[in-house]
Every structure is written in structure tokens, then in C-alpha cells.
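Just below sit the structures, each encoded as C-alpha cells.
First chain A sits with chain B, and in the next complex the same chain sits with chain C.
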Partner chain A sequence: MKTLKFLFALWKANLQAAMEFRAAFITQIIFMIVNNGVYFIFWVLYFDKFGNVRGWTVNDMMLLFGIAATAWGASAYFFGNFTTLGEIIANGRLDYYLSLPKPILLHVLASKSIGSGMGDILYGVASFAISGYFTWDGFLRFFLGVTAGVCIFISFLTIIQSLSFWIGNTVALSQVALSAVLTFSLYPSALFNTTTKFILLTILPAALVGNVPAEFVRSFSWTSLLQITAGAVVFLVFAMIIFRSGLRRYESGSAIQVEV
Partner chain B sequence: MKKYLAIIQMQVINNIAYPGDFLGRSISIGIFLFIFAGLWRTTFAIAGTDVINGLTVSNMLWYLMMAETIELGRPRINRVISEQVKNGEVAYILSKPYNFLLYHFSFGLGDSLMRIVMNIIVGTGVTWILAGTPPSPLGWAMAMVTMVGAWILHFCMMALIGLTAFVVEETNSFELIYQKAVFILGGMLLPLDLFPQWLQSIARVLPFPYMMYAPARLFVKPEWGLFWQMLANQWIWVAVLAGALVLAYRSSEKVLTVNGG
Partner chain C sequence: MKSIFQFDNIMTSIEVTRLFKTFQTKRKSAGLAASARALFKPKYSTVEAVRGISFRMEEGELLGFIGPNGAGKSTTIKMLTGILHPSAGEANVLGFTPWKDRQKLAFHIGTVFGQRPQLWYHLPAIDTFMLFGKIYELDEAETQKRVDFLAEAFEIRDLLETPVRKLSLGQRMRCEVAASLLHRPKLLLLDEPSIGLDVVAKQHIRDAIRRMNQEEGVGVLLTSHDAGDLEALCKRVIIVNHGQIVYEDKVSNLKRKHLTSKLVEVRYAEEVPAGFHIDGVDVLKVGRYGVKLRFDTNKTAVDSVMSHLSEVGDLVDITISDPPLEDVIAKIYKEAAPA
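This part shows the complex of A and B:
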């Protein structure tokens, strides 16, 4: 409960900081919505030309985009440091967080908010709403799928970037990992062979933030539910273990920094 | 001229100073090509044909390899200019004995050169495995020639976006929209040949196809008629956008305020 209160306080502070530059914040949101919409034109053109591809239609793509965009946006908006954790570790900027009696990983991740993430969230929810798959129980499944997606996005990148404790700079590695997991999550898994599908469900968990939740929203199944929840829990636990064991090796840079 | 060559050289050295990081970035093109291979093989299999609008699966994958090379190698100069304007570093650069735009042109070129070379090497390797033998030497030659104009067009657009930092706080959003316009109207994700006719007509009067579609299409289907036509249109757009950039820079200079030192 205490941790939740702390998390809400961080989010409130981030929102207040964003509101200091209200026009920039709103511009980022609007532009991200437009950006996603323009990108989606590719799928509109594609399905207009080729119709149904192994059971996938433009409506299925709207649902897939809705889930992946919302999960990505929520990760970026609520846990904005999940893409820069490696740099924070490598630059010795964990000192500030270590000196406070709060959960370190959670504190680092939620200390920053990426404003454009809100644009992704709004676009994602709207995309789901107009996909033709919207029902109220479907909305609950959508929420569950997105929550699992957030856990997996954050955990996966935390695992990759925690390698900074051992190998130093992981900027290039995390950029490749990020672009791989995000790009694969936006394509139907029906396009890939069995080996690739297995990889996308395990070491590069893109299917767990895109295709499996989309399948789950379309129709309830215990298999999909198990895959999503087990995936989220396993990745979350694994991320915490790796981060903690890395933290033991952390050496301060003794740099004077101000965290604002 | 010598000083600009030195800037290019400096950026090339900067890029290869961290080989691990440099190689890591080149892996991205392999990932994208792998996904596109899945998408287009499935599409052709379902369509039950070897050729769609004159393009085979192999043509599609080589086309996408060239398009991705251009996208991943284009200059990211807007971020540099925008940061310099916001943190005041622009005053330091303006006091140096070189032209602001040519400085960034050289800086961007040095930054792009090695990335383009690495993406071509990695992209060619991956696509060769996925799609078979590469296009003819004539295709390579036409692609290389039109890539020069494509790069300059990207530079002009990126610099124009960077200069908007003189009037607005947030410029990254403009880059995102521009990137997606190139993805769609430039024919990066889908060659223009596969567009409906009405959209093809719109795209062809805009600069975007000459930044992406022209080199990639000539790469896989080299035709002299199309080459001269594309090249002429491309350089008309270079003249238009370079002119717009010079004008935008002159008016930005007038609104520049430097406080302190």
C-alpha cells in the first residue's frame, strides 16, 4: 500500500512537471496520435490490396495496434526511464535513488514520464474501440492484456539494460532489443514459422505484448490467459532478480548530480 | 572546402571509435528485413502468384533492403540543430569561420557515411540469404547515383525541422510525422507500384518518392527512361528545398537572441 502511494505521488509529480510546459505536452500527444495514424495507413493500403492474410484483416490489425500502442504508451508515460536505465547505471546516476528508503528499481523507472506516451495510450484505446472487437468484457480483457504488456515491455528492457552493471554501456544493445520487440509486436505472428513464433514467445517476447493479448481479446481462452499472466510474472521476477544481483556490483561514479 | 572535409573525417572517426556500438546498430536492418521477408513471402504465397505489379518476392526484399539502408542512414541533423538552438551552443558555432548550414551538411554526411556502408554490407548479406542473388551492377549504379540526391533531400528536410527550434520548443514530433510521411508516401514500406492510382498520382508530385522510392525502385528494376525522369525530378526538389532551407536559416538568424556568454 505504501509503495502504491509512493508510485501515485511520483506520477502526480511527473504530471505537474509536464503541465509546466502544457503546450509542449499537448503538442506531443497530438503529434503521436497523428504519427500512429499515418503509420497505420500502410496496413490500410496493404489489406485494401491483398484482403485477408491467413485470417488477419485490417480490423485485426487495429486491435493488435491498439494493444501494442497502449502497452507501449503506458510504459513510456508511467515508467519513462525504462528506455534509459542502462545509461543511468553506466553513468553512475543510481546514487540518488540508493540514498532514499524507497524501492530502487520502481523509483528509477517511474521518475520520468515521456509525454508522447499519453498519445500512444489515447490512440491505442481509440484503435481498439473502432476495431469492431469492442465489448465490455472484451474491454476488461484488453485492460488485462495491456497491463501484462506493460510488465513485459518494462521487464524485458530492464533485463537487457541491467547488463550495464557487468558490461558498461548497453545503449546500442538496448536500442536493438527495443526496436526488435516493438517492431515484432506490431506484425501478425501468422507471418512467421514455428521457430520464430517460439522465439517471439520466449527470449524476444514480442508476441506476448501483441498477438497473444489480441487473440485473448478476440475470444477468451485459458491458454491465452495463462500465457499472458505467466509471461508477465516470469519476466517481472526475472527482471527484479537480475537488477538486484547487478546492483551488488554497482560502483558510484561520485559525480555530483541534481535530479529534477 | 578543406575545413568541411575535416568535419566529415572527424565524424567518420567518431562513428568508428566504438566498434561494438557501431556494429550493434547495424543489426537493426537484419531484424527489419527478416520481418519483411515473412510478410512478403506469405503475401505472395496467399496471392498465388510470383509477380505482383511487376515485382517478385526477391525484388520486394532487395527493394526494402535499399529503402531501409536509406532510412537508417539518413542524417539526424534536426536533433543536433534543435539542441544547439535550445542550449545556446548555436552562438558558439555562429562565431566560427564556417557556414552554419555547410557545417551541418558535413557533420551529417560524416555521420551517415559509415552507417550507410555498414547497412549495405549487413543488409546485402541478410537479403542474399533471404532472397537470393542481388540486382545487376546497373541497378547498383543507378541506386548509388540517386542516393546522393535522396540524401540531400533528407538533409534539407531534417535541417528545416531542426530550425523550427527557433520558434517552437518541441521539434521531435515534426520528425516523427516526417518519417511516417516518407514511410508511406515515399514508398518505404510499400513500393508506389502497389498503391491505388489516385494515391500514386498524389505521391509523385511530392518530394517523398525521390527520397526513397527512386533509388530503391531503380535498384531492383533499372530502366534508363525512369532513371533520367527520377533524377530530373529529384534535383528539381533539391533546388526547391535547398532554397527553402537558406531562406528559413536567414529568417531564423534574425530571431536569434543570445543571452550571456
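This part shows the complex of A and C:
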């Protein structure tokens, strides 16, 4: 309960900071919605020409895109430092968080909000709503799938970027990992063979933030539920263990740091 | 709950024993070829930032921890707050081992890093104060009451609703120190709080810290390379250099033992006679109507110098001063420097 109160206080502060530059905040949201819309037009044109791809229709793509965009947007909006954690570690900027009495990883991740993430959330929910798969119990499954997706996105990038404790700068590595997981999460699983599917469920968990939750929303199955919850828990625990063991090696630094 | 712990009937808030911290630093010669070599065969050297520091700080004490850049001051403070893990040694802060009980300890200490602002840059300070209230698990009414008190103590009431980015450095630092006291810590660790501040801003900060020490009994461990902070605030001083303690005593003793030379400036009603000279005294400057002297009180008696000066002519004005404490500290650094 205390942790939740703390999280809400951080999110409130993030929103207040964003509101200091209202025009920029609203512009980011609008542009992200437009950006996603333009990207999806290519899928619409593709399916218009080919009808379906191994059973996947444009409605399935809307659902997939809706889940992945919402999960990505929620990660960016509520845990915005998940893309910059490596830089924070390498530049010795964890001091601020370490001097305050709260769980360090949660505090770092939730201390930044990427405004465009709200655009992804709005677009993702709308995409799900018009996908033709919307039902109220489907919405609950959508929420669960997105929550698991958020856990996997932030855990996966935390694992990659925690390597900064050992190898220094991981900016390039995390950008490649981020791009890979995001790209593969937006393609239908029907395109991939068994080996690739296995990789996308484990080392590069793109399927766990896209295809598996999409299947789960389409129709409830215990296998899908187990895959997304186990995936989320395993990645989350692994991320916490790696970050925690790396923290012992943290070297701080003398760079000037500003909390925005 | 553990709190202040006790040694020999003295309430101790910090006890540090043989604390070491070493860092591995990558080394590389200049140039592209060296960069390529370092890619495949990196070379590392070990830097000993803190080398066996031991000290004790009493509850409510004002302790100065000073030294030149790179002396190990900030590294020590970071180990005492749990930010860094030491390479060896022990530390006990308010009954906690900082690097093991970081979260619990953070509820009882306040920290200010001069180069690491904790106030949110784009928000008014009041918003960070309220956020800190939640972080330190205070209820809203309690936070508001405390903010009111600190606003008065630090004279920041008019600044609280201005975005931090629009405050001057001095105003921001006052808000920073006030924020660090929101949760009524027993101990305040200040790392270079006056860095970059002008004389007036430094005075404001020092007055407020002294007041909090007197009214709330907050112990203050202050690192600085500004001897003015030390003179204005601290009762005791630890001087570190090259990761080791080179001096530890009361500030008054430091002055008594090391401020033995006096600077004297005299002004006469008539011209100073040619060949002005006093045995055992360095004549720094002789003007038409005045002289400037320096002497060591251990070698030359003050009485004797004064009577010589009055024999020369009618005195119009006389100023006797100590050399700046910074000079004394610099001398201690030099004496302690490895050959």
C-alpha cells in the first residue's frame, strides 16, 4: 500500500512536470497517435491487397498493435526511465535514488514519464476497441495482457541495461534490444517457424508482449494465461536479481545531475 | 527500532573503522591506435580513494570533514549513506550499517550533495517537498506543518512556488537543505553545500544549519573545501588528504596550534624612520606613514613587538589579524603529502 502511494505520488509529480510545458506534452501525444496511425496504414493497404496472412486479418493486426502499443506506451509513460537506466548507471546518477528510503529500481524507473507514451496508450486502446474483438471480458484480458507486457518490456530492458554495472555504457546495446523486441512484437506469429517462436518467447520476449496476449484476448486459454503470467514474473524476478547484484558494483560519479 | 548507539557513555551517531574504498579505473594512452588496443586488451589501474579512515562522531555534533579535491571526502560520505559499498572496513551510522540497511537509515538521515540537486528542476520546490513527504511516509498535514516551519527557518516562503529552474543557486541551495530536513533527520550529511555560492548565500545557509543544530539537535557532518564553512559552523574538524585522515581536532585547537603567526598593520602620525626594524619580526612592507609586519607568537612575544611599535612614534591605527585559515589548512595538506 505504501509503495502504491509512493508510485502515485511519483506519477503525479511527473504529470505536474509535464504540465509545466503543456503545449509540448499535448503535441507529443497527438504526434504519437498520428505516427502510429500512419504506420498502420501500411498494414491496412497490405491486407487490402492480400486478404489474410496464414489466417491473420487486418482485425487481428489491430488487436496485436493495440496490445503492443498500449504496453509500450504504459511502460514509457509510467516507467519512463526504462530506456535510460543504463545511462543513469554508467554516469553515476543513481546517488539521488540511493539516498532516499524507497525501493531503488522502482524509484528510478518511475521517476520519468515519456509524454508520447500517453499517445501510444490512447492509440492502443482505440485500436483494440475497433478491432472487432472488443468485449467486456475481453477488455479484462486485454488489461491483463498489457500489464504483463509492461512487466516484460521494463524487465527485459532492465536486464540489458543492468549490464552497465559490469561493462559500462550499454546505450547502443539497449537500443538494439529495444528495437528488436518492439519490431518483432508487431508481426503476426504465423510468419515465424518454431525456433524463431521459441526465441521470441524467451531470449527476445517479443511474443510475450504481442502475439501471446493477443491470442489470450481473442479467446481465453490456460496456456496463454500461464505463458504471459509466468513470462512476466520470471522476467521481473530476473531483472530484480541482476540489478540488485549489479548495485554492489555501483561506482557513483561526479557528473552534475538534475531531477526533472 | 535501533537509534543512536552508545560508546563509553557518549552518544555516538557515526562510528567508522578502517574504511577502504578502491576503484578500478581504465587507462588508455592518447590516440586511435591506443583506443583500438584498449578495445582488445584494456589496462586497469587501482585507485585507492579512501585508505583506512577511522573516526567517531557524537550525537548533535557539528563535524567538518575537509580536504582538497580528490581527497576522499565525497566517497566517504557516499559510503556513510549507503550509496557506495566499501572495499573493506566497517561503519555504523545511527545504529545501521549503511550499505546493508540503506532504506532504513535513509529515514533517519538527510543528505545534500552540492552538485546533485534533489529538487525537481521544472517543478516549484513545494511540489518536491510534498513528494518527499510521501517518500518519507509523512501525512499531508504533518508535511505542511513542517514545510511552514522550514520555510520560516530558511527564509524560503516566497521561493516555494517558483519553478526551481528559475531560482538563483543560493536560493536553490536553501531549498535543497530545507528539503533534506523535512523528515526531521537526526543526522545531516552535507557534501559541499556551499559550492559556487556567493558570500551572502553562504551566510544564509550557514545560519540556517546552525539554527537547526541548536533547535533540533541535528548532527551535521559537512564536507567542504571552503575553510569558511568550517570556521562558521564546525566545532571539530577532520582533515583528509589522499584518502587518509591527516588531522583531527577541535577547530579552536586547530587555530591555537596552527594560527601562531600574526599579521600587524600599523599607521603612524609621523613618517616611519628609515631602516625600520624589529628583532624576530618580518617586515613585509614599509610605507611613508605605515608598516606591515608578520611574526610568530611562539618565537617573539606580542608585548615586545607592541612596545617596539609604540616607541617608533605616535600610533594612529593598528590592526592585528590571523592569516586565513585556508593557508593553515593548505600547510597541513603539504605537511601530510607523501614524499
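Throughout what follows, the second predicted complex is superposed on the first by the 255 of 260 C-alpha atoms of A that agree within 3 Å, B and C clash if a C-alpha of one lies under 4 Å from a C-alpha of the other, contacts with A are read in each partner's own complex, and residues count from 1 in each chain.
Please note the rule applied: contacts are C-beta pairs under 8 Å (C-beta built on N, C-alpha and C of every residue); 3 or more make two chains touch, one makes a residue touch a chain.
Since we're looking at a predicted model, the values are computed, not measured.
Engineer: Check the residue A:Y187 against both partner chains and state whether it touches chain B (first), chain C (second), both, or neither.
Structural biologist: Only chain B is touched by A:Y187; chain C is not.
Engineer: Have a look at where A:K197 lands relative to chain B and chain C in the superposition and call it first, second, both or neither.
Structural biologist: A:K197 contacts neither chain B nor chain C.
Engineer: Report for A:F21: first if it touches chain B alone, second if chain C alone, otherwise both or neither.
Structural biologist: both
Engineer: Between chain B (first) and chain C (second), which does A:R218 come into contact with in this model arrangement: first, second, both, or neither?
Structural biologist: neither
Engineer: Give one of first, second, both or neither to describe whether A:F6 is in contact with chain B, with chain C, with both, or with none.
Structural biologist: second
Engineer: Thinking of the overlay built on chain A, is A:V34 touched by chain B (first), by chain C (second), by both, or by neither?
Structural biologist: Once the two structures are laid over each other on A, A:V34 reaches chain B alone.
Engineer: Shared contact residues on chain A, chain B side and chain C side combined as an intersection?
Structural biologist: 21
Engineer: In the complex, go through chain A and note every residue touching chain C.
Structural biologist: Touching chain C: residues 2, 5-6, 9-10, 12-13, 16-17, 20-21, 94-96, 98-103, 248, 250-252, 254, 256-260 of chain A.
Engineer: Which residues of chain C touch chain A in the complex?
Structural biologist: Result: residues 23, 74-75, 78, 81-85, 102-107, 111, 113, 115-123, 127-128, 130-132, 134-137, 163 of chain C touch chain A.
Engineer: Using the touch definition up top, name the residues of chain B that touch chain A in the complex.
Structural biologist: 18, 20-25, 27-28, 31-32, 35, 38-39, 42-43, 46-47, 168-170, 172-174, 176-177, 180-181, 183-184, 189-190, 194-196, 199
Engineer: Quick one: in the complex, what on chain A touches chain B?
Structural biologist: The touching residues are 21, 23-24, 27-28, 31-32, 34-35, 38-39, 41-42, 45-46, 48-50, 53-54, 116, 169, 171-173, 175-176, 179-180, 183-184, 187, 190-193, 196.
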